[in-house]
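Next come the structures, one after another.
The same subunit A turns up in both complexes below, where it pairs with subunit B and then with subunit C.
Coming up: the complex of A and B.
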């Protein structure tokens, strides 16, 4: 395994820029997830690293060596494709061993390596089958086995779970994470699914418009989103974002929006702002010390068993729509009034330019005792 | 939509007529091949005493074995050459971006539009000047580059799943190995169909061998069959039909062998989830 560095990586298609001066370092053994909406440049970045896409500018380094001019076959990287890209005319065994045979390994050596990789992924009984005789989950395992058998510098995953059903996706996430930890694989994983990013990554790199918007540990991004885009992208249901204004009040600055008046996070400058509040920060009941109160009417209820997701209208004439993630037992009726509370420390404030200006938790740390 | 009973009957009658129209000449050929010379012109279809004498005549009197060898060898060499050249040209057009690629491909398409008969005389003169007249080379080489084959394979290669080519490259295969180890095995249906077309075209070719062959040493089967029409002013239709029946066997066999592969579109079925 080896570390990877992408330096000022740029890819242009005519006038449009798919990846714009991207800089990223991946440590040896690190699991980095590139996440972002469709068209943000994450797959193009992965393909440039793999050598499947030419770079317009910039450099790709693997293990400290500049590999930018090298074709994919000389970079010693392994990739799991979204379609799995298993060779239809080969058996599972031939698929897994193909790279080793191309590299000139003997039949016996290849067979031993294939058996070991297949054993690790529990697909030893499928070796004689053709890809068309496998289920989606089995194909995905074969695709992973094809990668690990080669002992490459790093593993690249291009949305490998998007063709699986929800249940299988959950177990595949666990399996890939475990495998990555066991083998200490340097991994770059591309997905548009924030759940995959949050659950698997050592570090999330969130992209938009060909650039990195924010990177860091999953909980760092979740708790301290750098801007409105990151705040809105990570989290399901998405963070409640309420546009309004921060103005002076009798007991310090307040955030005002559509008849709503809430204590503003300390340190947030006065002026137009957007207040952010995660749905799970809201809970039913009247506020205690250090909490804000929100009263509204229930618009819609989604009961998911372990939790209930409620849509409410709050503020003057119900102009503000909020989502609250409540315990499964909470069963408000549609149209019923509802009182919610949330700790001030859970409030995020974003300035007019969309950048985060204050966070309740940070404000509390800053506040005089 | 379900057809009414009367329309179904009419449909079956039409299809049956078509089948008979195709099968009747074949039946006449087979029956005549099994008739004795005295029975050849009898109106009954089936011989009263079927005999294989006509087949014996083929290999006895005529140099049928030589013609068969010429046909088999030139067809195998020509079709193999056509497939290899078409594969490599199609791969170059489909896989690589190079200067003049589109112009070259337009020329290939243009060549498809030129009737074969227009180029026949210039090529004939070329053969004579090269001293290839009455040799296998004249039967094989002028027909090696088939624009239609290049076009057909290029279209299939363009439609080939991009991920498979990328996976091959990640696995360490260069363009050459990707072609032979990944693309060609998955183009089996297209290659099978193309092989049938090229084989039948070459095997049944009459006019070009008529122009460039003269002696028995290079004469092909289709040319050789003519002998039975003229030898000693007497046409031996029985032997000729036996020859026709035997000459049809390779083409029919090839079709039966490759037909299943043509139907088998396993590239798509291997990838669908």
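Coming up: the complex of A and C.
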């Protein structure tokens, strides 16, 4: 395994810039997830690292060595494709062992390595089958086995779970994370699914428009989103974002929007702002000390069993739509009035430029005891 | 309409049969599939099976194509006569040469060409059009054009080669070169079409597979040998069978226009032999016998190809 560095990496297609001067370092053994909406440049970045896409500018370094001019086959990276890309005319065993045979390893040596990798992924009984005889989950395991058998510098995953059903996706997430930890694999994993990013990554790199918007540990990004884009992207249901204005009030600055007047988060400057509030920060009931109160009418209720997701209209004429994630037992009827509370410390504030100006955790630290 | 059988008056007029009591829609249900099939069956019957049966019947007669002259039954005599003729010997050997040469020239040569055009992506469209163009030209027009080009006295080729001091040999009138000239022209004619078939086969290969193999450390040569060619085998198999059949039948046109089967029967094939027997010497019985033999040969060649090659074809996707 080895560390990876992408330096000022740029990819242009005609006039459009897919990846714009990206700088990223991945430590040896680190699991980095590149996440972002479609067209944000994450797959292009992965492909430039793999050597499958030429770079317009910048450098790719693997283990401290500049590999930018090297073709894919000389970079010693392994990749799991979205389609799995298993060779249809070869058995599972041939698929897994292909790279080793190509590298000149003996038949016996290859067979032993294939058996070990297959054993690790519990596909030993499938070795004589062809890919068309496998289920989606089995194909995915074969694709992973094909990578680990080679002992490459790093593993690249290009949306490897998007073809699996929800249940399999959950178990595959756990398995890939476990495998990564056991083998200490340096991993760059591309996905558009923020759940995969949150659950698997050591570090999330959130991209948009060919640039990195924010990177850090999953909970850092979740709790301290750098801007409105990050705040809206991470978390499901998404963070409630309420546009309004912070103005002086009789007992300190308040956030005002469509008839709502809430105490502004500490440190937020006056002027146009967007208030952020995670759906799970809301709970039913009247406010206690250090909490805000929100009253509204229930528009829609989604009962998921363990939790209930409620859409409410609050503010003057119900102009503001809010989502609250409540315990499963909370079962308000549609159209019913509802009182909600949330700790002031859970409020996020974003300035007119969309960048964060204060948030709950910081406010908590700053708040007088 | 279908309710008529259930009308109150129907029973009073007598006891209708079980079938008649069924609504018309149901009564027609058994016939309907045959009605749908009828146009195809009729076409196949008139244009394929009846001529086939009639040809077998004709092959056992002696007839000179004169409607006033009755055909005389001669049994299998025509088969023996054709099989022992020198024309058949030439036609048979030449057919083998045409087919043998078609495999490297028409079946295998378009593969690298298709891979090259395919590897160019969108830039390959112009090459594709240029290479496919000969397919669109009528073989008669092609043959006549080559007749002009290769004319040993006033042909273009003679003039062009003369410019650089090379003397054009009489390609079509020399028994040693005539068959190879026809093979070259028919290969040029069919090359683009077969290339297009291979391009269709290549288009169905998932590009991820190529990239996966690159990541596995494979060079372009290895990718071609270990991935592209195995996945192209269904197309290769189809091209092989169709080209062999095409070669036996379609070279008739250039043979007839360029050499008429000569010189000294050096370019005739089984197909042209049938024509010579039937429409040159009016020996219809021998022509029909030749046709039946040709049909049997084509069946045998196709069956052999399926039995020997089909197992090696990678149909897996």
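Simple rule for what comes next: the second predicted complex is superposed on the first by the 366 of 369 C-alpha atoms of A that agree within 3 Å, B and C clash if a C-alpha of one lies under 4 Å from a C-alpha of the other, contacts with A are read in each partner's own complex, and residues count from 1 in each chain.
Here is the rule we use: contacts are C-beta pairs under 8 Å (C-beta built on N, C-alpha and C of every residue); 3 or more make two chains touch, one makes a residue touch a chain.
Because the structure is a prediction, the values reported are computed rather than measured.
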item: Three-chain arrangement built on subunit A, subunit B and subunit C clash or fit; value: clash
item: Partner chain(s) touched by A:102 [first = subunit B, second = subunit C, both, neither]; value: both
item: Which superposed partner A:88 touches (first subunit B, second subunit C, both, neither); value: both
item: First, second, both or neither for A:136, with subunit B first and subunit C second; value: first
item: Touching partner for A:163 - first (subunit B), second (subunit C), both, neither; value: first
item: Subunit B versus subunit C as contact partner of A:77, first or second or both or neither; value: both
item: Common interface positions of subunit A, toward subunit B and toward subunit C; value: 50-52, 71-73, 77-79, 81-83, 85-89, 98-99, 102-103, 130-132, 146, 150
item: Interfacial residue positions of subunit C with respect to subunit A in the complex; value: 206, 208-209, 211-219, 222, 226-227, 230-231, 314, 316-317
item: List of subunit A residues in touch with subunit B within their complex; value: 50-52, 71-73, 77-79, 81-89, 98-99, 102-103, 130-132, 136, 139, 146, 150, 163
item: Residue ranges of subunit B touching subunit A (in the complex, touch as defined); value: 161, 163-164, 166-174, 177, 181-182, 185-186, 188, 266-267, 269-271, 273
item: Residue ranges of subunit A in contact with subunit C within the complex; value: 50-52, 71-74, 77-79, 81-83, 85-89, 98-99, 102-103, 130-132, 146, 150
